[in-house]
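Shared between the two complexes below is subunit A, which pairs with subunit B and subunit C, respectively.
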Partner chain A sequence: MKAKGDQITMLQYVCILVNSTIGISVLSLPRWGASSAGTAGILATFIGLILFFILLLAIIFITSAYPQRNFFEITSLHLGKTLGRLISISFSIQYIILTSVIIREFTEVMATTLLRKTPLLVTIFVLVLTVALSTKKSLIDYGYINYYYFPFIIIPGLLLISFSLPNIDYTYILPVLGNEITLSSILKTSTDIIILPFFQIGLFTLFLVIPNMNNPKKALKGGMIGWMIITIMIMLMTTVTYAVFGTEQIKDEVWPVLALTRTIRLAIPPLQRLDVFFILFWVVTGFTTIFSGYLIATSFFAQSFYIKHTKLAYLFLPAFFFMALAFDNHVQLYEFMQQIGRITLLITTSLFLILVIMTLFKKRRAANEIP
Partner chain B sequence: MKYLDKIICIVIVPCLLLLSGCWDQVEIELRATVVGLAIDQADHHEIEEDYITHPEYRLENIEGLYKITAQLAVPGQVALGPEEGGTGGSVDDNVWVVEGYGYTIGAALQSIQQKLAHELFFGHLQVIIVSDATAKEGLADIDDYFQRRNEIRRTIWLAISKGDAATTMAVSPKLEQIPAIYLSTTLDHAVELGKFPEKRLGDFWINQKSLGEEAMLPYIEIDDNNIRIGGMAYFKGTKLINMIEPYQVVIYNAVTGFNPSGANIMFPIEDGHVLAMSRHRDVDYQIELDNGRPKIDVHVSVHAEIREKSDAIELNRAEDVERLNQQTEKIMEKDTKLFLQQMQQEQTDVFGFGEQVRARLPEYWDTHVQTNTNWQQLFSQITINVNYDINFDRIGIKSD
Partner chain C sequence: MARKKARSNVKQTDQLNTMLKQGEREVDPNLSININKLESLFNGDSDFTVRPFKLIGKYPAAIIYLNSIVDKKGINQDILKPLMNQQSGYSFETLNFEQIKTVIYEELIYQTQGSEETKWTSIIDHILRGYTIVLVDQVKLAFALDTFDVAERSISQPESEQVVRGPRDGFIESLSTNISLIRFRLPVSSLRIKSLNIGQLTQSKVAVFYLDSIVNPSLLESVIDRLNQIKTDRILDAGYLEEHLRDAPKSPFPQIQYTERPDVVVGNLLEGRVVIIVDGSPFGLIAPATITQFLHTPEDYNEHFLISSATRVIRLISLVLSLIMPSLYLAAISFHPELIPTRFAIAITTGRTGVPFPLFLEIFIMEIAMEILREATIRMPKQVGAALSIVGVLVVGQAAVEAGFVSPLTVVIIALTTIGSFATPSYNIAIALRLLRFPMLAMTTILGLYGFMISWIIISNHLLSLRSFGVPYLQPLSPGNWNDLKDAIIRTPLRWLKYRPDALNTKHRQRLK
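After this line comes the complex of A and B, so read on.
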């Protein structure tokens, strides 16, 4: 059924997972933790990443039970074709919303840092068009594109962290358990972090990638490597941001990690304005996340009608474009992001729960039938 | 579908080439590049002649009165390389000074803009000088304006001037073509030479918001036609409280373990004196609860160099150096104690001991302290012991 060439290697799979998850939202990530949990925000982020890992394992479990089946086929198998189609389409809509939120976040960052006078309309349009053009390609190209961009995300990220190291103050990350905070509110903060759309986009790329892997048995290994890279990058960035600014200053920054680049000072004159260089890094991380989200939305819709996702690339463009335009400012955007993220994560986890339970039952039944 | 791709490419590629940067493109000559800002207090009369952001009636609940002097770099006048004999212009040719008045920082800057053809550009801002009188009223307005604007770097200097800020900024020594750049270079080098800690604009914001630390800023004054660094100005919240002397800044650097060091201190010993320069500092804090109160032990170890000594002091034998180590330690401990007592009386913790307590004794902090105000009160009552371990490991090439 599938062409030989249309297969993704484990390395590409790791790259896709990492690139999709490390997105433009990392810029605001420390603020969520700091404002509701203080210094315990770092711990909350780590707990969030563990929750992310559990969801990741759930997807790997669900997909590996039926190798080579896509999301629609798996849900149809478990819940029937009509319900399967309904779920696929509603998830497609969900990812249009989540991706549009990221698109808008990306353009907000651009509008405040680089393109101050460029109308948002134009920035959003060019971005959506670029992503749509990329979505015209097959999944194998998706693998290659992410493979290519991987170093452009990891290396500048590590550079940013190492340049910031001279400015850190360890007292700002202590105490690990926070001041005046209970364990339950730390956990609540972790859920506030995990509902950020980029985590969910990173998660669902697995539904696209695992069925198309050349060796699906490596799904678990790849997932673990990917998760480890994500955890190291996000934890390092969060911790360094906390250690440089302290929680009180982070609360005052819309994008604390972006402000981090403005505190770096190198003695070499052409490198004094490093923030411009790092904007490039954010463009790449933003692009890969938005690309994945766009691909998820189009693929899920296409799957449920047995067509190729490439056919829907331009058709979906207006939906993303107008959805991203719908916000007035970043305050409103972040409020909406929290609300929609909470709802979608609830839907996602309950679906996973159903699918995991059903997979378990089917496995047991299959095991019982064989002897 | 293939055709559609081609069409899209035909549309998007020219768009990317032609449109990108179109909106945001600004020619460098068409920018009013601000290199320095001086913020002073104005009087009502001056503002009344210059307001533009509001009609006359909307003034009741605004309290600030600002006079801002902007130093703009004149494009084309500033030579990039070393100045060649006679061709470089004087300071008056290189910079252009514009004044504006307003009830807020933004309003005053807008009134400067009103007098200029080109848009003010803050991307190359080097230094903001605030007069001590303005700083005593609080820097909250200044913080808000400059933190909100993205193009302003966090690594620029915010300095407090003794007296008028505008005249301080106008002081034009011979070394640099632009006074504001000379000022920021002075401050940069002061940090490298260990004269004072690195407290830039971004650090000021961080310290000021920290629950257990108060902010400090460099304090400068005019000395003839030069800028003299007169110590550090310390704050409580956003309000300026007082200054600390340059020798106290050295103690501050020692207690916080700031490097690079390089400060010179004169020690009166027996019947002579020794001038010592610190080379490297290390600091270790020990914080514990003692009778229900935090007790802080600070252990500072300094590697120092002897720069000068009077005839009466002998330094020929190892035991002489050892004795000198102990004598200087005693003097430093005494001076530090006095300095700490002064700050404790003022209830201003510029050292960040509160942050240490918050980080290391979270339970105590949660039950007894919680806020910055509580900490400042508690700070004046706690015991802080500082002991020094000074080691003269460089004596110089003179043998006695």
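After this line comes the complex of A and C, so read on.
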């Protein structure tokens, strides 16, 4: 029987966007702003999110001009099939790298919190295998999976924020504009934040989802709702972390939000600590982001050869696995994350610029052709 | 034994085939040739009976039937008596073939159901199904009359789905009785029963029930389609069909609901589902089925909605706990003792002193012991079962703890888990989760809470990708549906349930016109 809703609904699309964007990197997010802009880091994060929104709008504009066409089809429509294929494959490689970075970050968090003695090799392999297993499923299931995990991501986040409220000291977030901060330095901090791989994964999920939506006209509305939820969650978490620790302490923490979970004192007998439970839910958060990244990498590759992404699920596994193993420690990982993020964001924005201009050009020409 | 029977059946079909090959597919006018043919086919079968007689005292004729599955009283009264009655005064010499046929069928035999058969294959099929065949000399035709009668048990309370408040009747093995139980509750003309024969050798009668005015045609089509595609020699129970009908045969989760209760069947028919009943099985299959359906009982609609909602939530909790409890316990004690307050941790450690196994082994041993106990009590006769459970409780519980074999907390956890799995109304989903508890426990043993979460994600993703006849298995939780949520985890007041489930895509969404 052909069931109702064989396509992704707007709510599922919102969930995909939120789940993919709010990832394990949120744990380290306040550190980036605090270390380079001090208390202005909060503002910088917000500006970063606005930049994110602009990129989001660009994708919605590009895809909604050609509904039901995937990334490869759109690029090859504008730039020719050969170049389109080249771009798709290079983006597939780019997302293998970005996702592997997140996989490594995720397992580093696991190694410091849950599994102190287990070799990273094992944790990474188990995670990659789980994600590959999920990638064997269809894109519709991808929508269902994200819809299902949405509360698992949002509710613990909100609980964390509300439990931390008693520890807040408002003086820690003042002055909002920071000390001796110029516009260019704030913008630089904002780009430092927006280049974190999870933002880019969140962005590119739209290329997978919008062509398969039951009502692509709602892409803009869904994108706005999704962006609002992301902004509220990230801003709340960042602000609360700043307000609890202050910028100086945040700089010393690798994962400030993780430290935040340890400060919570809410003894529910027979449990005396809650941080482990938050970590449990971060596993889900990390999983959804990594799943999206894996799906983007396999789908873009598969699209350019007109095959289904499910066929590549296990084939891509070694690439992610060895790439994630390639780093020595988290210091090196974060350095690499900054460099690769900067490059990929540059590539992404320039491609978007070209595509937006081409779309505008074609739209105008199409408008002229109709008498 | 079953194989032997099947083999003899094959032999019989072979014989029939060779016979048919010789160009003798139809009834011969000569009675003795016909009888010889049948006797050679049922050679040595003590059940097979040929009773020759004189039709209205003049013409040679015979009735043929299988002794054990016919209603002999009925044959005597309604077939033999009128046919042998010499007072009827007919004279067949003056009548032609058509007229003789009409006289016998329309004026002599007192039987509601019958047909005229000329083909041997169909005649043999009828004999095997408890029909009585009437053959008359010089008439190139056989009358097949329904005289089927086997011993049935009386309608009793369903063993597997007991209710405190609700009807006490359950299905039995006879399909026609089951149909009558459904018809009695659903006196509407749009109730359709489609009959199929499945199984090359058993030729089991399978009835598909649906409400023509409600059911989604594509659902019905796919049910019939899947039934027709079944290639097997036997269908002995509804479970055989279920395995063939599943969307994902490898999944441990049940994708079709079963029930012994006619009221459940009627309720599901009214919502737009399709019900399949096999002759010889007291279970009806309900398709499609989603996970929340397995938490429902017919009582839910009898009790107040608040009480029903609360019990449904309790059932869900017990179902989830039966899956995760041992793993969480293991993870908390072995991997994250910092979670537990010191005072409590000391108590646990004291309880564990002298236990010779590491915790994971202790849990595994207890779990397996519990499964053995459960399996033993199901198979035992009732009287022995009670004794067994006492022994089980004493040995596994009290004595094991006192001997220092297991810690008291482990016993508590395992007992809660087992009871939790019994609190679920549907045995099949409880058993699926009980099975999955073991891989989850293994993952937790290796990777702690991380392994626990990974296995939770894998199980969830599997459930999310499951479909039952195209309906997402976790509907209405994901994909979400507001209308269907009203009767899923909780039950809202009946007056709120104005629409049939959206997931089923029925012809008329509104329950009332």
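Throughout what follows, the second predicted complex is superposed on the first by the 360 of 371 C-alpha atoms of A that agree within 3 Å, B and C clash if a C-alpha of one lies under 4 Å from a C-alpha of the other, contacts with A are read in each partner's own complex, and residues count from 1 in each chain.
Here is the rule we use: a residue touches a chain if its C-beta (ideal position, glycine included) is under 8 Å from a C-beta of that chain, and two chains touch if they have at least 3 such contacts.
Note that this is a predicted model, so its numbers are computed, not measured.
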| item | value |
| --- | --- |
| Contacts of A:T130 with subunit B and subunit C, given as first, second, both or neither | both |
| Touching partner for A:L114 - first (subunit B), second (subunit C), both, neither | both |
| Touching partner for A:V283 - first (subunit B), second (subunit C), both, neither | second |
| First, second, both or neither for A:Q12, with subunit B first and subunit C second | second |
| First, second, both or neither for A:S138, with subunit B first and subunit C second | second |
| Contacts of A:P175 with subunit B and subunit C, given as first, second, both or neither | first |
| Partner chain in contact with A:T263 - subunit B first, subunit C second, else both or neither | first |
| Which superposed partner A:Q249 touches (first subunit B, second subunit C, both, neither) | first |
| First (subunit B), second (subunit C), both or neither touched by A:Y148 | second |
| Residues of subunit A contacting subunit B in one complex and subunit C in the other | 114-115, 118, 122, 126, 130, 133, 273 |
| For the subunit C and subunit A complex, residues of the former touching the latter | 216, 218-219, 221-222, 288, 335-336, 338-341, 344, 447-454, 457-458, 460-461, 464-465, 467, 469-472, 474, 477-480, 502-503, 505 |
| Subunit A - residues contacting subunit C, complex | 1-5, 9, 11-12, 110, 114-115, 118, 122-123, 126-127, 130, 133-134, 137-138, 141, 143-145, 147-149, 267, 269-273, 276, 279-280, 283-284, 287 |
| Complex contacts: residues of subunit A adjacent to subunit B | 39, 112-119, 122, 126, 129-130, 133, 136, 169-172, 174-175, 177-180, 244-246, 248-249, 252, 259, 262-265, 273, 310-311, 314 |
| Subunit A contact footprint on subunit B (complex, rising order) | 1, 4-5, 8-9, 12, 15-16, 19, 22-24, 147, 150, 153-155, 202, 205-206, 209-211, 352, 355-356, 358-360, 362, 365-366, 370 |
